[in-house]
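Each of the two complexes below includes chain A, the first together with chain B, the second together with chain C.
Take a look at the complex of A and B:
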């Protein structure tokens, strides 16, 4: 039936005189136009701004300043501090998500009652709005009535006002929210590992750790790296959680600095340059991961 | 017959056009989301009743206010005919061409004499011209728990400890002593609630209040000299005092603004709470504050040298250059500055800047906080109003927040760093 329907459809298109190429273009062109107008054009336009002293809030003439914005940003210790904070956050947050997410996947990758229900419940955090999660966790961390201090017996420990702890407190929230994402991908990877490999390992009396490091981990690694790539890119751009949860300079990630520079201080040219620096850093990190992913696949 | 039909049709079209033209006389005023905006909406409904011109007060949360307003300005959008903008926007609003020059209007109506001097200087004037009409006067003040202060046991214990009577603090030293006295974390009672939110100007305004009363300043607004002024000994002492006060705040007080500071009173958390007067009507409302009857108010206290000032809040109302209804907006302003309208504005809860209304006994006795507000409005000082004020604010937050809330470094290091940052900013924009 499906074949007949396709033939009829082909016939109708052919009757209108549309070639396959035309039909393909009809589908592709709107998307292409959308991407050009809303992605590529602003990208190129902002690249031009990054070489100027343009400020959107004033009527001053725009001057070409060459690489001055880039030079000043890269020599600004505050920007380096923002990058350091971001790197710390990415390492703690993504590291935590991988450990927790993969651990949960290993636990769920066996026959347990209500497995489907448990998996669904574990996925709930990542379906929530970032703003809601941020506000919700602020309450949980509250030193006066938050349940975290009560449960851990920490008295009135101030998670979000302590400059040394605030970043980790935000990272814990991010881990809670996004570890299920890593878990989901890891589960897909684990279920794809051929069972006969485990059977062969069992016949050879291989230990649990040996089986895990020589069979499970290498075979799940490609999909795990994809999860890490996604989460690293997202964590690097994190804005909502640290912005909502803490005002500490120790949680001012590069995205927050960029927002303030662009939309509070209206340093349009300079913030465009910073956006490009961030873009280059994210591309570089992603590239390293992708190269590693290809190596893993080749093994 | 045909001619009649055509005539009727044309008449109908003309009527439709007239109706549409009348419907088009609508004005939109943009402001932040807070009680005074609701009072303004009530006030402008009367303008609608008088003139038939619909006026809508459109609001957005404070955290979003500046970004949303300037995004619209930068796009030269006509969504807003008027904006009740922050005083520090005057530089960016005027030099950026976003505000209509109201100098002639101001002079014609002698508003420099009609409105309180500080409100004219800070809400309206920039670079020798007037860009706004003082609309909502405001200043940082304090609320306190009268029942805690007047408890005989507390009074006795306080006198025994500090050697003077417990009462409304006359200076910052007394403010500190009282905050320390009531700081009892084991009883979940705390001494004081101050602004610490560093996402916009909340913490900066709290610190300014201390700095100004300590006899300090932010810089020389005419020469842009900051070194030796922002990091003066007076300012260092004021910032050290602010940090000390932070030690007597409730837990998790590291990023708070007006809502939390009002909650400190409504939820029995603190003995004293800093806030702008515009937020005090909520504290005087028994439906919102169970302690309303026991809440008192006072102006920002003196510093060690006897100087007494307060950080300016409040806003002026400006006409947006890109509005399609500038003439109609001008007519609205003419109505708004009328004495009877200013009186009505005050009656509704708005903080009029009209000297006549402010000085009247009726106004000063209308609420428990109006007297303190009246006193404050004649001793206010403000932040920089230059176009690059946001960069100055960011630097202030970045330098002072880690010291006040995070306990990093010293006040002198923080203020020396701030002086260097501000110098660099002013040099960047060719002001020095």
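Take a look at the complex of A and C:
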């Protein structure tokens, strides 16, 4: 009797003799399968392609070409130009997001009325679809009837066709969309700084700027770096906004080049190699940040 | 160094009246402890002096100058927080150097001062550690170092050793006392621990419900509490409080009847006359455990009572005596009363007996002549 009573009080799974470990594995399995089929397998398969002259559009036999794809890509000045454009975009866009986002977080990190509502409204851009944002900003930038030229009194200045400005115009849209993300993480970081440290600083006769640079910034730094890591990775492989908003060669970032190579020129093998180069660059940049993050967190 | 004067301070948190017409002057170089239970307004008072909290009315004067409208950074006061409030990303050295660097002192000067303070606090070997690597006691030493390093006009401490364990508290207590003597700084110290208050203070200011109850030296507040609150808050174990009536008669000339005649103790003959001069509703008698004198043999002038509970505390015992429904705690030398249920003979030391008005709780300030040799149980 006692045994039956004990079983009834347990879960059915336990009654069937499943341990916690088994149940855990059952939950993990679908994710694992999904990852293998859609991420790991293509990753390895495309690594193989990157050493061939495979073209998905034709039925030619596939030849192994060794490192030829990599060699040619790295010697191609156009690819280097794509990388330069990408770097410019990343620096302007992420830099802008950090300045705007952190600034907004500082403004919000105090007692203000309707703080919750304001925060939610500020987060809205982040929740929209990239394609929709791109199309709308295209309208806003429109030379003849866009509101931006109207507001700034710029006449019929064509933001998205001007080769010197187009990239920055796209970056501004990206800043508008993603500064709230930096704001959100910064806000979490700022509110985690204990109030008594600011009191201690006031007692220690530290001025506003001194308190900001010696207390606020160092304590928010780890979470800010995490925001920067995310945004850099995203900005580096940015595709939708520049693709939708501008067809300028000056806005041809590496991801757009990659897309054209793979799906317009059908150089499947070569584009796989380029994708791998991009992956390595992104990993390298992330690694630098993570190293720095660990250094900051040691404090 | 400074004199701090609080004049008619009032503070509300919403509808909550947390400091009520507080007047207190802390003399130059004095060590004053604000003592009271949680929520009595002592910490708010301290934070108001520091400028971390605004006050609604009244003046806070430091060396005669009204400072209530100045920011904390302009008051030149150091503050030691209960939870240390060390900057977690800075080393002990940088923490102590922070107030000096914030006011742009030269590098050489900062170094000299930080090392001098570290030496006096005996934390020189910890200067390169971050707070997370320090023990509670060392963290508080660093926090005190940060407060001392700039030689402020006054030091304010908010339960600085409240978060430490008992043994460390005792050690830090004597260290704080030594530092106060060495540094000569005017100090205001907040605690709810009366032992800490007694051992550290030049004067103790006892607060309850936002009202200052009594200010006096540790001896004064212990021996002459102005009201029942102070009487029961100071001293451990707490003072015995028993309802009583006084009448003339008996061998000593006067008698104090506890409760409804549960026990009758002899008192000096001038007690009824002195009580007559006072106005009161009904009487409460207060006597500390050491004012209850016990004999294990039948003695003249002593009342037989039953030992109800015995708490052996090593150096002395606390014996609860049963008087009707009430308990009277007596302090005896250890092992004097051996068994619970035993009958012992007790009397009250008139010099250590206080009389309070039941209604107002105020002391009637009756101080009967001291008896020689009865101070120690």
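Quick note on the criterion: the second predicted complex is superposed on the first by the 288 of 299 C-alpha atoms of A that agree within 3 Å, B and C clash if a C-alpha of one lies under 4 Å from a C-alpha of the other, contacts with A are read in each partner's own complex, and residues count from 1 in each chain.
Just so we're on the same page, a contact is a pair of C-beta atoms (placed from the backbone, for glycine too) under 8 Å apart; a residue touches a chain by one contact, two chains touch by 3 or more.
These numbers come from a predicted model, not from an experiment.
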When chain B and chain C are modelled together on chain A, clash or fit: fit
Which of chain B and chain C A:143 touches, first, second, both or neither: first
Contacts of A:201 with chain B and chain C, given as first, second, both or neither: second
Partner chain(s) touched by A:107 [first = chain B, second = chain C, both, neither]: neither
Partner chain(s) touched by A:78 [first = chain B, second = chain C, both, neither]: first
Arrangement angle, chain B at one end, chain C at the other, chain A at the vertex (C-alpha, nearest 10°): 160
Touched partner set for A:248, first chain B, second chain C, both or neither: first
Touching partner for A:58 - first (chain B), second (chain C), both, neither: first
Shortest CA-CA distance between chain B and chain C [superposed frame, angstrom]: 51
Residues on chain A engaged by chain B in the complex (per definition of touch): 56-59, 78, 141-144, 156, 158, 160-163, 243, 246-250, 260, 263-267
Residue ranges of chain A in contact with chain C within the complex: 194, 196-197, 199-207, 210, 214-215, 218-219, 299
Chain A-touching residues of chain B, taken from the complex the two chains share: 66-67, 70-71, 73-74, 92, 95-97, 185, 188, 196-200, 250-255, 387-388, 390-391, 393-394, 398, 401-402, 405-408
Complex contacts: residues of chain C adjacent to chain A: 50-52, 71-74, 76-79, 81, 83, 85-90, 98-99, 102-103, 130, 146, 150
